[in-house]
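Only one structure is covered here, and it is reproduced in the block below.
Naming follows writing order (A, B, C, D and E), and every chain is counted from residue 1.
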């Protein structure tokens, strides 16, 4: 079994190396190897996950030690893997979606010159992500952390000729680095206080009763969380994710929706005990999460780039997950992570299919009326939208509702309230998207219009395969609510944390408070949908309505500030541009000036000064004997004087 | 007064100073040479004076003085030779015009 | 005056005879240089041997006015090698300017006798005469290119100031003699010993004498502010002479210091310590600072030689500060300095073989390409002058500095000053290297053939420059014996 | 292991140099290959030493002693501990790589060039092996001259300014160090009743410093002198300004050695001499030095951000990266020291490689202005990939060697003071900033007009160039995954240094509670 | 004939008078040497000065020195000097400035020098050795040839060297501008 676990990441690594070396020669056939290894490692992952979830590894999971990585005296980090139920769940999500995206890419990237390069990168990502999930030591997590960052950098900048892509890639990497600084410091803090970096061991030591730490646990927790904020693009580090949409759509689906961005959530869940012992940190997590949720939802309202809408929606859903973590709804967070992974992956792939159909057009203002032309895409995307909007009985409903419910019941009413609003907003912008893209009159470019057609099988099949879990997953593992399979699986992982946090674990009562909460959230969702229909139209078997652009105009006119704020993403990019590019650039330039003029100036100044003095002293040598003689005579006088003085004393 | 060493020494000092003045002030190479002769003689005077006042020194004094005179003579020879040599090149005995070597 | 005396001073006599012999040979075979050269070099060889022999039986002659000890032998051999090397370097330079070699050699050897006498004499009067005997030929040599107005100008400056300082020195000598009542170094030392031990007060007259003597000596070693003659005399003189002047009279003057200030006035060192420290600091610093701005290599080396005087004075100061090592360092430095500086000047002279070639930096442009070997040797000498290991110059510096550090107190600061100076000095030494290897010549000068004597001399100097840095142990023991001979 | 191996390693290059000196001037290839052969031979010997080295055995190994200047107890004494071994192997490796890399670019005065390079190697290896302070100083200075010539003769347009600045700057430091060395030796002699024996022998001095210890006054002064010399070499802010000039003007191989080895001399000096001999002074000055290191880290990175010249950028990145070394040394933490040593090695490999890569593009375009380049990825994919690899290594991407060293230093500094660690960690961001930006400007976007003009000359990497880079890349990966290879070797050094400082247990206080 | 020890009425010893007169002459002529415009007159003044000095030597009881002084200086050197003057005499020479531009500082330093010497001399206690003693010439020769052989030899060599070099320098060769 150990070897299987090792193989799961090893295979994609091999795929990366081989494709990287020989991809150029394989050219159009490059995908076989890449996809092949991912499929195999999916199979292995399934076996491992199954074994884990059926308690095959016993209470405290399976540990695989590979080798001592950094044996620096007392500081000794080993490279090793660790599989417990949480890992298993993540494995399922990552490998499944990863595999599907690989397949999908075969079609999507078919005509790209960098075909082989793309698959190499994808494999690299799979490897890094799997290591991240499997790692048993904080430092190894950090390694994977940076590696996924790298692969995301490479994939965002895949079309490096495009300046915007290159910039976005750089932005993503650097913003992530900011988070990583926090994470790194957190790791150091953990090591300095525990002398180990093994995740479980160190956290046990930190949280052991009577343990004394040089730095407050809350701070450590927040440092770790900083890393999570970077990867999962939480406010204020959220700015990179929307730009990351410069990458090819499969990338957006896999990395920037379904897997990598969840790393943060996973990390916090993984270190749940640490957080449970630091309520202040939990509070911060909840606050930031929910704030990100509503902030990005509000931005999603007015975006016209189909992928950006989805990107902001991703942000806000991630916000949900962190809110969940913050309120101690650990399972719910992971639950939402899963469901969201599937339906957001689906939505992105759909958007990719749409873009493909309209010849790489991403602006929804140039779409519309595509429903009939690309039926499969349309259908699957509709499912996705319903799912994300939280309409029962689709997946999104269960996970989201659980988050809201627990938030309320754990006494975070404000979180619940904001969450509720966000639920409504989500429904609204998703159906705005649907309306603009598929319904109403076509605004597609005349030349393109006739050539629109459904994507090839290799792309549509993954869509369908993803649509299934988007519908059923909730029922399968999330029902009965708060008591489903998933809870069973994750109970051992979060049990202690729940005990510590003292979160409420009352039985679910449909006809009690829970019922009310469900009603509320569903209402919010429906409300959002209806408003969207009224404004942007709808074409469904039963109801059909034309879009009302002028009313949209009217509304935006009524709240111009909010509109512009949303349109300009609350000016965060501009703010950062000012702070870090402009002012930062100035500072750098100033420092360089300082270096040249002051530091180096002093050095050269000394040299030149010495020369000057020499030049002055030269003048003494007039060339006239008498001057010399006078000098000597004066010297003699001084000498005689000083001797007389010396001897006088 | 002739009984006091001081008188002789001061006298020699005076002569020495005059010589040095000449050396510092004159422009003509030969007068500078002469000034040096003055200074050397000043020293001789001091030596002789010591000799005539200190018993131990008496015999040596004269000898040393003689040596000094000889040295002076040698210096004079060399000096005059050099003066003549440079005069051939520069057609002037004025030392302060020899300043092409400077700084 | 016994036979023993004669044996003791035999090297001296031999030297004089060699000088005369050279002249006679020249009369016999006029216009031909080989015989004269041969006579001179062979004669010097004999002198060296005699010195070595005489050195085996240390002792005094002429009632203690002439002493043979380790110091004498060491210095004498040093002087002999200086003169021999100078004679080796000279012909290539003199012949194209049709200057006779015989008189040159003869006069030079007379100077040698003077220097050797200084090294040996333990009598104030003899010291003075020896000094004169050393410097007078120097004046003549400086003017040796008598049809070159620069040469004569440098010479007359050298001569006038030199005799001025001699007068000053003599004046001081007279007073010291008058107040200690003897010309014998031993007696003087004893007399002053009383004073030092508090038996008697140091009278103003004596102080005056000391001051005048110090001034005179400071002039001879070209210590600031008595250095003015150096640049002009060095630049003016025919280059081989400059080479000689930069080492011979300087080391000679230091010998004088050893015999006089260490031997006779050693017990008063507490009194002249401060003076020496100040002189040293001034000398190093001014020499280097001015050298920084020179574009004529000869003149630059002149200033650098002033700076090196400063380094040697550090050794003297260390001695005055109570450290025997100071003298050893001084002697070692003297030897090291001799060979590297002679070598450097030899290269300059070789470059100036064709009359009319100046010694300005531009002459060196592209030398590394034109005559690589010459360039490399010059680099070696310059590095040694800078004090980069593993060369003689480095070890000399290290030795002096070590002594200073041992003496401690203000001397530590002096050591630091010395090192900062060395760093600054690197600039102008390396500038020559820059010209030789990193600049292309403005006008392509053709490379020249150099006589075997020149090559022999260059090899000797360069090999010694390296050996004294790599294997200092032998010389080290020699100098320590020499210093010990002086007592402290 | 036969005796004399160290002497062999040190002087084989010298033999090579002498041989080359007698080769005909008109046959440059002879000189080239002789030099390469000599360097490779040295390399092999050094590897042989590496194999023979016993990491567990404390103290120095292969020690060779011979009296040199008995009058002052100065010996010819060589010896190697883990630190020396590591750095010597690094030196020998980089040397043959650089010589190989100079085959193409250096076309005139090949003989002189190769001779200087081999003598340079003698000096560098000697510095790492010398166990006698005096001998150490001599090798230290020997390094200076060849580098002076290499920059001055084969350098760029402004080479003379750069090389003179380099030499003078270094000389100021080293000459003062000489005073300190002599003073130290004398203090030892003085304490041993005027016996010079062993006065410059490092081991005896260390023992003395460990027991009696030198007088405080001497320590403060001497340490300052040592510090100046080493700080200039490393170079630490504010003594760093010679570095960019030197790098910009130096020929590629010169830059490689300069960045790869010469900068390490400083760090080595601190660990080998400054700390063990003057522990108290070291502790006294540590806070200041730590602050300077922090400044160097951040300041260097920020200044690198705005460099228009590729080489200058890398040079400033060196200033920043070497900040980790000094920081790691002067926090007196186990991890810190391990990290510092590792960082020295890695910086040698990575920055060396980066300079080689800069050389590659410079050889084709005769330009290093970043602004003029763009879109290289399209034209020279392999080059782009290689450059990217080393760029990421320099960024400190985990899995590559750069990361481990930095992280160890950071952990150490965190134990020393979280605030220090916090500031130091910020460099992660800036480093990523300037390197990624540089990479983006060079390789992404459309091919620039300037590069278009180059046309067909703008070829991808040649086999020789690849040959020089592959070993480095391999090492970067290997040390990234198995840093233990280095760490095990230097274990002895680290322990002894920390014991000397009496601080080996500093981090312990926080454990097991 | 014999004069009384002391001059009647003014009770001053003869040789004191003599000393004063000679000293005055010497100093005076010395001043002339360094100040006179015409260099030939300087030469003559120098001879006078040396003559006076010789006289003082006699008073100081060093007749041998005095004799040598007369011979060497007034005889040899002065003549040499005069010859040199003739050789290097240019028509314009005397017309030009006598003194350097720095005559004043020169004077000042000379005065200071004299001052310092005087002070030192005055301040020094010549441990009561100011009791003059008569000297005999015979002693000198004796000393000269016993104790001072070496210096004597050296001086001869010195003169030899000086002459050889001097001759070489002064010798006029073809190609020399006359």
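Here is the rule we use: a residue touches a chain if its C-beta (ideal position, glycine included) is under 8 Å from a C-beta of that chain, and two chains touch if they have at least 3 such contacts.
Here the structure is a predicted model, which is why all the values come from computation and not from measurement.
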Practice item. Please state, in steps, how far subunit B lies from subunit A along the shortest route of touching chains. Key: 1
**Study point:** Both-way neighbours, i.e. chains that touch subunit D and touch subunit A
**Key:** C
Review point. Ranking chain pairs by contacts, what comes out on top?
Key: B-E
Check your understanding: When the mean CA coordinate of each chain is compared with the mean CA coordinate of the whole protein, which chain is closest?
Key -> D
Practice item. Starting from the Cα centroid of subunit D, hunt down the chain whose centroid lies farthest away. Key: E
Check your understanding: If you average the CA atoms of subunit B and of subunit C, how many Å lie between those two points?
Key -> 26
Revision key, fill the gap. When centres are defined as mean Cα positions, the distance from subunit C to subunit E in whole Å is 32
Check your understanding: If you average the Cα atoms of subunit A and of subunit E to get two centres, how far apart are those centres in Å?
Key -> 105
Practice item. Compute the distance, rounded to whole Å, between the mean C-alpha positions of subunit A and subunit C. Key: 79
Exercise for review: Mind pulling the residue numbers of subunit D that touch at least two other chains?
Suggested key: 168
Study note, to complete from the structure: Multi-chain touching residues of subunit C, meaning two or more other chains, are 125, 129, 132, 136, 139-140, 143, 146-147, 156-157, 160, 164, 168, 203-204, 206-208, 231-232, 424, 427
Study note, to complete from the structure: Among subunit E residues, those touching two or more other chains are 100, 102, 105-106, 109-110, 113, 116-117, 119-121, 126, 147-148, 151, 155, 158, 161-162, 165-166, 169, 176
Review point. Looking at the whole structure, which two-chain pairs count as touching?
Key: A-B, A-C, A-D, A-E, B-C, B-E, C-D, C-E
**Study point:** For the subunit C and subunit D complex, residues of the former touching the latter
**Key:** 383, 387-390, 394, 398, 401-402, 405-406, 412, 415-416, 419-420, 422-424, 426-427, 430-431, 433-434, 437-438, 472-473, 476-477, 480
Review point. Considering the complex alone, what residue numbers of subunit A touch subunit D?
Key: 67-75, 139, 142-143, 145-147, 150, 153, 157, 160-161, 163, 165-167, 169-170, 173-174, 177-178, 180-181, 184-185, 188-189, 191-193, 195, 211-212, 214-215, 585, 587-589, 591-592, 595, 599-600, 603-604, 607
Exercise for review: State the interface residues of subunit E toward subunit A in the complex, per the touch definition above.
Suggested key: 100, 102, 105-106, 109-110, 112-113, 116, 119-120
Revision key, fill the gap. Given the complex, residues on subunit A that touch subunit E span 624, 626-627, 630, 633-634, 636-637, 640-641, 644
Practice item. Would you pull the subunit E residues touching subunit B in the complex into a rising list? Key: 13, 15-16, 19-20, 23, 26-27, 30-31, 33-34, 39, 42-43, 46, 49-50, 53, 56-57, 59-62, 64-65, 68-69, 72-73, 76-77, 80-81, 83-85, 87-88, 90, 93, 96-100, 102-103, 105-107, 109-111, 113-114, 117-118, 121-122, 126, 129-133, 135, 139-140, 142-144, 147-148, 151-152, 155, 158-159, 161-163, 165-167, 169-170, 172, 176-177
